[in-house]
Amino acid sequence: MAGRQNEWRGIFPPLVTPLLDRDTLDVPGLERLVEHVLAGGVQGLFILGSTGEAPSLSYRLRHELIERVCRQVAGRAPVLVGVTDTAFVESVSLAARAEKAGAAAVVLASPYYFPAGQPELLEYIQHLAPELPLPVFLYNMPGYTKLFFEPDTVRGAAGLPNVAGLKDSSGNLGYFHRLQACLADRPDFALLVGPEELLVESVLLGGHGGVCGGANLCPRLYVDAYQAARKGDLPRARELHDRIMAISGSIYGVGRHSSSYLKGLKCALSLLGIAGDFMAEPFHHFRAPEREKVREALLRIGILG
Amino acid sequence: MAGRQNEWRGIFPPLVTPLLDRDTLDVPGLERLVEHVLAGGVQGLFILGSTGEAPSLSYRLRHELIERVCRQVAGRAPVLVGVTDTAFVESVSLAARAEKAGAAAVVLASPYYFPAGQPELLEYIQHLAPELPLPVFLYNMPGYTKLFFEPDTVRGAAGLPNVAGLKDSSGNLGYFHRLQACLADRPDFALLVGPEELLVESVLLGGHGGVCGGANLCPRLYVDAYQAARKGDLPRARELHDRIMAISGSIYGVGRHSSSYLKGLKCALSLLGIAGDFMAEPFHHFRAPEREKVREALLRIGILG
Amino acid sequence: MAGRQNEWRGIFPPLVTPLLDRDTLDVPGLERLVEHVLAGGVQGLFILGSTGEAPSLSYRLRHELIERVCRQVAGRAPVLVGVTDTAFVESVSLAARAEKAGAAAVVLASPYYFPAGQPELLEYIQHLAPELPLPVFLYNMPGYTKLFFEPDTVRGAAGLPNVAGLKDSSGNLGYFHRLQACLADRPDFALLVGPEELLVESVLLGGHGGVCGGANLCPRLYVDAYQAARKGDLPRARELHDRIMAISGSIYGVGRHSSSYLKGLKCALSLLGIAGDFMAEPFHHFRAPEREKVREALLRIGILG
Amino acid sequence: MAGRQNEWRGIFPPLVTPLLDRDTLDVPGLERLVEHVLAGGVQGLFILGSTGEAPSLSYRLRHELIERVCRQVAGRAPVLVGVTDTAFVESVSLAARAEKAGAAAVVLASPYYFPAGQPELLEYIQHLAPELPLPVFLYNMPGYTKLFFEPDTVRGAAGLPNVAGLKDSSGNLGYFHRLQACLADRPDFALLVGPEELLVESVLLGGHGGVCGGANLCPRLYVDAYQAARKGDLPRARELHDRIMAISGSIYGVGRHSSSYLKGLKCALSLLGIAGDFMAEPFHHFRAPEREKVREALLRIGILG
């Protein structure tokens, strides 16, 4: 059930959620965005992750998003759906929606209000995974959840029949390599990296791909970087890594807060005419001065012509 | 609308949520618990806080709990309802349920997935409070939310017509005193302390009461401690503080994790025959060895006869 | 050897270190400061703590300071000397200097570069205390050392013959009360609180005194607050607590960084003509705009006439 | 003065400090260790870093170590000396010793007791670097110092004539790549990575080398891995990376604490007969059960024959 080997290899953009206001999808924006990333050759789409502002969205809107994206994609690529929740029952409910809509997998970070210990985290996954009717990707996001998936916990969870892989957003490749080592006998278990700044090197050393926010903007760039790294074409991989760093270093660094990544990304998509930049609370979109800086960065990098 | 001065003074137990399983209320247990704490002379009840495991519960169950408790209390004391959520729209929806059920106020911690800055936190409250049809208590819980309500943010929020007070669970009384100082011209603004270990001293120095978990167990003890401190009866206040510390030092310290407080409390309530000790994921109840230690502690302290 | 009971009760100002430059004591300033605090009726002096910038000072200057202060005080009050160091051997060496100069006790925080576990911390104290020829105060300063003295560790260390007490600068009175409870059979073991904002309440509930930075400035205020709290004179204790909060809320909050406390304190001493405000790297004194704010605060509070 | 370009490229083992007791060097062990790493073809030696337990050692012993190592190496490779200290004056003094002994450079982390802000950190370096008579490597070690060298701070410091490079032990390659980007116009500025688990990939993407603890044990392995990565020999680089991970995953993971890396390394050197495994407080060497596990790991990996 956890999928054919090689199914979960490549670039899976964590889709931003285009909004008109805090509880209204920007439907044309969403449609343009989905086509834009699919046209870039991505391996699949991941909706309702951190980049998708999932925790800030009403359940009603999350359901609508799941249904719209699955319907539009219509099997052209697997859709992964974030079902992370502090409430077990709500994760089950989201996963049921996802399965019914035709999603290919769900993505699950740890509960993020109460700080659980590792045995509790493993038990949580052991209880929850059997209730989820799709392959499950674990999602290590300690900066937001306050909780690391320790390698032994991942090893334990990987023994469950539908746990198919892990996305690591810790930014710590030493940890990522420890995961690779302790799952060396499980080549079917997909290890994806979150921060796009680490895509190229993780794939050069055996990682299976990335969940790169910037692929909302330039999907082809990340797909090409993945391919170059996978083939071991080092000069090309380095060149594309430098382009990725140019995006990261300019567009994501405009504001002062840790939310600058997300604000910069939505702002850039809006400047490209793909989708509006409204953000759900507790965030708000960039105001004019930051927007101007993002515009200049897009021009400088050559994304805006 | 933020309530008559002196309405929000005293002990407001953060009710545990008695469960039969992860999505089923222990209704008789809940009824016994509500009567038990009301009989202890508490000033009000706070449901769906951290002690109530709110983030771990389905919305359906939260709605059921709101309705049952408000119906049972039937105006005998104000009911405060936690509406903290990562999604603005869900907080509004919970508050509407609470108001309709007859609750007296809502309690709001910061969103707890994305790390907001202070200006974003203030803006969030400024957007949200007007949508909440009841008095609002802010809830400073940085250990779980990763975000402090800085004094300037509280000062700003306190200017909103329905923001009535703040519960501080930071454990840092230096911060609490800074809040008192910067709200010295607002004697109607209630400042309650979370950790019961700090109840007596905060009230001795002008605090307005406590949201004490132990009051699920021995409501009268905390009410008496509050009264003694409020009246400046120092010998009595010290004696009751020592009893509170005896509970805290034994029952809450049995396990190894930060969840020991909650597990010990539910275990003790179960040993007293008030309500079962089932816990929603990611936690589980104490097993036999820990349960035995809690039983011994209850005997030693004289709560179990 | 750990001293007569009641010797370690009261206010022990953590002396700032007056400097002319990074490696030169401001000798006249130091002499004025020592007389100023002694005249205020303090129980003893604590030199080379965090407030004394000890880790930023050369060993040569630390030795000079120990000798000058002990000579000047000349038995009028006990002198406590900070010997915290990352190197065991240097702590031993500082303590030998302190003993030779006539100091009454040494103060020891945990090593602060490598993060030790609790068993390692206890073993460290068990190795080190016998090498220290004076009574030892433990110093819980997790914000700077990254390491808490867990109650069990303190309990273990308190069994050593010359470990006489603990100064807690964690700001967490719940922890302080747990220490009180687990040392209830050791009334001779002194428990002092660091943050002056917590002095009154900790003494009201059985604490033994405070190591209050503000006592450099207004020693009498803190001595009076201690006495009022110790006698249970609640109205007076509250009034003095409010004055302490007025100092804390104005003078220590002028800058943006966590070093504002220290900068504000040195700035205020300089405005009072007691000692210069030079600070050792990595800090620097307040520039003119901050200095003006501190001056206004001193005028408003009535410290500057 | 900051050295010829290409001088600071390659593997610089952070030498462990062989000890007989807390204040006595294991001189024959030290001599064997120095010859062992030099024979492995390393580019230089780094003494008195975290791996060298520098903060736990007396200044006397640090001086002895500097002199012995420089005398023994006798120009066969550059010796880098850690001069990090909480006291400015002591850093200057250590650097003077290093220069006199013939060291090639000094290494400087931020002061690690008081938490400085970034402007204070930059100013600290601006004050200190001119007092240091050798090229200076910055050392980003936030896990121990609580302070990150933000890219703008590094950029500022890199403008000083003798600041020659930076060693990053944060484990965060996203940060490392941001440094590379913001110093793209300074190809002479050396960027070295601390954690050996990240050596291969950082060099594949333009990093200049590593300060790898494991090179105490198997210097040739790390030199070969560096060379393979530098030449872009990807299959060979991957193979050597896997061997590095095998060491890291077994020898450094035996104990429970963050000090396991250091304890495992010293234990392994002792099993190889190179140097004793005594550790300065607050640490102690592995006892028999952990030692046996390290022995088994060395056999399994093929380091012990």
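Each chain carries a letter (A, B, C and D) given by its place in the written order, and its residues are counted from 1.
By definition in this document, a residue touches a chain if its C-beta (ideal position, glycine included) is under 8 Å from a C-beta of that chain, and two chains touch if they have at least 3 such contacts.
Source: prediction; values computed, not measured.
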{"item": "Shared chain contacts [chain B and chain C, defined touch]", "value": "none"}
{"item": "Length of the shortest touching-chain route, chain B through to chain D", "value": "2"}
{"item": "Copy-to-copy rotation for chain A and chain D - C-alpha atoms, rounded to a multiple of 5°", "value": "180"}
{"item": "Geometric centre distance via CA averages, chain B-chain A, whole Å", "value": "35"}
{"item": "Approximate Å spacing (C-alpha centroids) for the pair chain A, chain C", "value": "49"}
{"item": "Chain B: positions in contact with at least two other chains", "value": "none"}
{"item": "Chain B residues touching chain C - in the complex, by the definition given at the top", "value": "171-174, 177-178, 180-182, 195, 197-198, 200-202, 204-206, 232, 234-235, 238, 241, 245-246, 248-249"}
{"item": "In the complex, chain A residues that touch chain B", "value": "22-23, 50, 53, 55-61, 86-90, 93, 110-117, 120-121, 123-124, 127-128, 143-146, 256-259, 280-284"}
